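In what comes next, chain A is part of two complexes: it sits with chain B in the first one and with chain C in the second one.
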Partner chain A sequence: MKKYIPLLFGDTRSIVGVGLRACPKRATTIGSCPYVRMRSLKYSIWVLIMGLMTFFTTPASAALDIEITRGVVRSIPIAIVPFDVNNPNNPNDIARIISNDLNHSGQFQVMPQSRLPQQPHDADAVSADLWKTLGLDDLVIGSATLTDNGQTKADMTLLDLFHSNQSTPTVLMRQSYTVANSQTRALAHHISDIIYEKLTGEKGVFSTRLAYVTVEPLPNNPRHKRYSLMISDVDGHNAKPLLTSTQPIMSPDWSPDGRSVAYVSFETKLPQIFTSDVATGQRRLISSFAGINGAPSFSPDSRSLAVALSMGRTNPNIYIIDLGSGRLTQLTDDAAINTEPSWAPDGQSLLFTSDRGGAPQIYSIDLAGRQVHRVTYLGAYNASAMYLPGSSTKISLLHRDDRGFNIAIYDLQSGTMQTLTQGGYIESPSPAPNGRMIVYSTNVGGRRMLGMVSSNGQVNIRLPEVSGDAQAPAWSPY
Partner chain B sequence: MKANLKWAMMLVMAVALAACSSKPDDTNTTSIVGGDQAIGAGVGSNPDFDDSMDARMAKILGIEKNTVYFDFDSDVIKADYLPILQANADYLKKHPKARILIAGNADPRGSREYNIGLGQRRADVVRQRLTMMGVTANQMRTVSYGSEKPAVSGNDDYAYSQDRRDDITYDNAG
Partner chain C sequence: MRAHFSQSFGYSLFFHILIALVFFVSLSDSLIIIPPASNAEEIQNNKEIVNAVAISQDDLSKEIRNQQAAENAAKAKVANEARQLAAAKAQALAQIQQAKQEQMALAAKQQADAKKAADQLAQLQAQQKQAAEQLAQTQAQAAATAKKAAEAQQQVLAAQKAAEAKRQAQQQQALAAQQAAVAAANTTQMQNEINRYVGLITQSIQAQWTQLPGAGQQKLATTMLIHLAADGTVLQVQNVGSSGNPALDRLALTAVYKASPLPVPTDPTLFANFRELKVKFNDT
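And then the complex of A and B:
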């Protein structure tokens, strides 16, 4: 079985959409975008070539890289020339990390290194015509060299090929950096962020992180498991445990300042809610009531946690814990499962999951009047709702239909549900801070892995494999 | 009710403060590690599991396995499992110092936190049945592991039927 599904074969419908590509907000070089239709044919051909090249050049050992399982052609063609002056095939080259980032965003099509017509390090050495015939819009060149005192000196230039009529490309951006060698990955993600923002007009999320839980058998007692709360870069690299336990860990949620994570730990065999400082590991017990202590969710002002507590009864209800005073406020009080509270961006109301109507559906409660209203009616099972960042009308959720459990976007205004995935065994959706992608956990060949889908459903990727299962992902803020 | 909550919350905060002011005092099986530190004492090297206890208790109770299985989307105890509950009830009544943990579980489909709710319903129906059989409340604790501790791996009906269960374990045999 192929580990890597080439872009073109995933979703042929999207080829039709070429001419519909949104205009990049590159106000410095273009005012509107009348060029889109004109270039679409050339663009399609380029994408066709790209797809075929991907098909034939993919190594069998792609497991360590992000795997694109579904892609689209409605994205910006770009090339990133290797930065490493001495070794263009350096697997940790900044250019390679940027390429992964941009590919992974779904907004870009990055030309494979093997197809680059030249590999210049200076703008003067770029032959624009060579690149333009390949249909490229943008080119990133740069250099990275080691200094004598253990640092990396790097510079990066973003060139616009499409709008340069001469053989000299237009410089859109030029930056120089000196960082410790240990920070080159972070630098590469930073460069990806500024390229992304320059070309799409939106903030990139390549410097953000993920929290998730891994589960693997204990080496000396495989009947039992080791649960680890992991923090990693958003591309799955630099994964480090924040907590390990022989009892389950659940439901990590980031504080809006990105400094701490709230989660549920069963280390005493019973559930408790903690927060842990991500940098120091120092933690604080927040909730240890009788019965269920679950589903922590930081308020937008970071001052309180919404949680699900059963208080020794069977069914959990929604409460708010003030992290400063410890004051507890009960929001719901009925004999149904009420869980997964999630704050509206203005902090005035919460979404939550309840089966008060007989099956799990999304409800909303406003904090001032405690009025509850049902949000979802489509389908027999909706859960795990969160507002899509940057939108007060769209929520991501877990939606069950005849294909199983999938990620969907529900539009509160139009009342429409758009299913984004087709996996069927999916759970724990968590949107990126720019609302463009949603990370989730899915079943692949009997194991749980993390995947990401774009919030328009057009790009679906799988994160690198981890040892054991990976589940319950939460996307950090910026 | 409100006063109770306030009191309980103060207790939680006190515990939290105590945890902050002293050095980390966690069980052998949990290790906290800082963001930049390597993993501490390996949890695999010091497991506190006593699987033989479960087997020993099953033998004493005269049952094969101290587990109650449930149908899909159901927390109804099937008649097949009443003898298991009766054996536990008889033992607990004879051994007032014995303590059990009833752990409810759900199959892995759907939301993890919602499944915690489903597992708690399953744990509580068994606790209620044992209460009706004469077991005192302080001998029983319940917990829901939702879909966090699947009995078998796999995504088919057989695996799911094994996952939807209550495991009864003895913290103290009395």
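And then the complex of A and C:
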């Protein structure tokens, strides 16, 4: 069948050197092609049909081969049209929540609502050409209406403007939901998730949560402080305390199943490691050894905690506590400070911070052979290392250079360090479960706030919703 | 002399009687051609006469005299009218005769004209026939001439062909070498042009290709078959080798449409190489 292709596409002579493949020489041009001189109309129609079938079903052999090796690191331009809202009881602007989510993800560039040329609510009313000229790839439209029984019914349509050269957009996704009014914010985050996943090919993190510690002066006793272990939506909304104490709370870490948080509490004036069930608040004391009990980190299977224990000495070492049996396993045993253990995705090794070389650097230890090797050499200070989820070769860490303490991505294979922030004064980086964002705390005008930076460095935002000093954020799993 | 006179008188009487006879005949003829209106008038006059008779008996004799006088006058009038009628009849006869003569003359003339026209037509047909014969003759002559010329030309062509074949045979090797050199030069030039446009197209699409967030982690690749219009407009894009990641495939598709129209050569021969492009996107 392929021999009919030249009839449709004309001259297809073979060009050596750019990958053009040869076609039958006898059919190189229309004039000389023997298949053009047909003896009957029937035959000609048959040839035409065969040619069209070939055109639409199989790759032609005559195409010029071109290879593109790298795309551009760029946010996907998208517009979220304000939903057609008919629900006076619902204060949440679904489109605005989606816009914020996608904007903060680092993977999208959301057109500001003030710049929208139209606000269509119906896919049929969308002219792809108009939105294309604004440089957009995709468009989200929808509605949110009050149902008879007082719930919110939301419809969402994701339109692809460049799926064809037609002026009508292509519907990529269309979803309809009915939720309680109190759940519209959660619904908006869910819609953000499915849009993100549809367009980037990986799960969105907008329905995940943050754990962090806030510090506020006590209202009736300003000299004393109140420490709260908070759980909030990923945008800082919907924050609720899991634990409140007059003594410091430190280092929260989520269990991989998302059900509980491990943390250090000084409620007895001495550091102890607890876990709390996020849903019920039920607590469990895990570690209360002499001296330092710090830096808990759940293993990938959620069955054990890696911790830093000093066991009465001046310096902490790395241990593993089996949560089922309580059995303790010591991994490091030296006189340096060894802390901030963090599991490799396969659970076979740990990263940790040690000053055994004179300054804090990242080291790795494998559980089977207890072999320790130094990971970072660039810079005088590297700490708080964690594997970027979804990657076995990249770690996020706190890196100090001449601009202060900043978040960096270190590539274990290439040995390169990419700094993502410039402001300095940054602490406690914790990557999102898809590895695309890193939450941290930073000092803004003498107050500690939470911020997020995309792991490509494109987007860096603050979470203004958090009241008081906020520190030690930890990003939940999916 | 007296005898002669009486004889003359007899002739005269005879003729008068004859004339009177003629008059009566003419009068009867006149009576026949009198229209019914005149007839009615006369009837009315007769009625008056009857009425007059009914009115008076005394004036009868006087009336008889008058009537006789009137009869005489009427006779004279009739005679006069008869004379006039005779004259009119003679005139009418003469007119009819003249008309007949004129008609006959006209008929004769028409006949003569028709004959003349027929003669002319015959003459014309004869001329046409002659012309046709001449034309046929000329054509035949021309055909003969053409045939002779063609034969001559064929002979010349055959001679030329033979000469050309001989010349070609002589120059074949040199020509082949020359053609090979030209073809090689053209191909190189064409290749250079094609490579140049391939580079431009690669840049155009690459600039529109947004990398996935996890670019390079899985070494994915997707291949698009692109059909182009002569101005470089992307007509149709087929994914002929999916990466398995729909988002990557879609970003590649978007890049192609966003890059439309692609830079393509305006020369039709060169453009023929660019109607179809097979673009492989490597997510490295």
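In this text, the second predicted complex is superposed on the first by the 391 of 478 C-alpha atoms of A that agree within 3 Å, B and C clash if a C-alpha of one lies under 4 Å from a C-alpha of the other, contacts with A are read in each partner's own complex, and residues count from 1 in each chain.
We adopt the following convention: a contact is a pair of C-beta atoms (placed from the backbone, for glycine too) under 8 Å apart; a residue touches a chain by one contact, two chains touch by 3 or more.
Quantities reported herein were computed from a predicted structural model and do not represent experimental measurements.
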{"item": "First (chain B), second (chain C), both or neither touched by A:149", "value": "neither"}
{"item": "Which superposed partner A:86 touches (first chain B, second chain C, both, neither)", "value": "neither"}
{"item": "Contacts of A:413 with chain B and chain C, given as first, second, both or neither", "value": "neither"}
{"item": "Between chain B and chain C, more extensive residue contact with chain A", "value": "B"}
{"item": "Touched partner set for A:316, first chain B, second chain C, both or neither", "value": "first"}
{"item": "Contacts of A:456 with chain B and chain C, given as first, second, both or neither", "value": "second"}
{"item": "First, second, both or neither for A:114, with chain B first and chain C second", "value": "neither"}
{"item": "Set intersection of chain A contacts, chain C complex versus chain B complex", "value": "none"}
{"item": "Residues of chain A defined as touching chain B within the complex", "value": "218-221, 223-226, 231, 240-248, 250-251, 265-271, 276, 278-289, 291-292, 294-295, 308, 310-311, 314-316, 321, 326-328, 330, 337, 339-340, 353, 355, 360, 381, 383-384, 398, 400, 404-405, 425, 427-428, 443, 446, 471-472"}
{"item": "Of all residues in chain A, those that touch chain C in their complex", "value": "9-13, 15-18, 20, 59-60, 62-76, 106-107, 137, 160, 162-165, 198-202, 390-391, 434-436, 456"}
{"item": "Touching residues (chain side chain C, partner chain A) in the complex", "value": "187, 190-191, 194-195, 198, 201-202, 205-215, 217, 225, 233-236, 238, 240, 245-248, 250-251, 253-255, 257-258, 260, 269, 272-284"}
{"item": "Contact set on chain B toward chain A in their complex", "value": "5-6, 8-10, 12-13, 15-16, 19-20, 26-27, 29-37, 39-40, 43-45, 47-49, 51, 101, 108-114, 116-118, 120-121, 124, 141-146, 148-149, 153-155"}
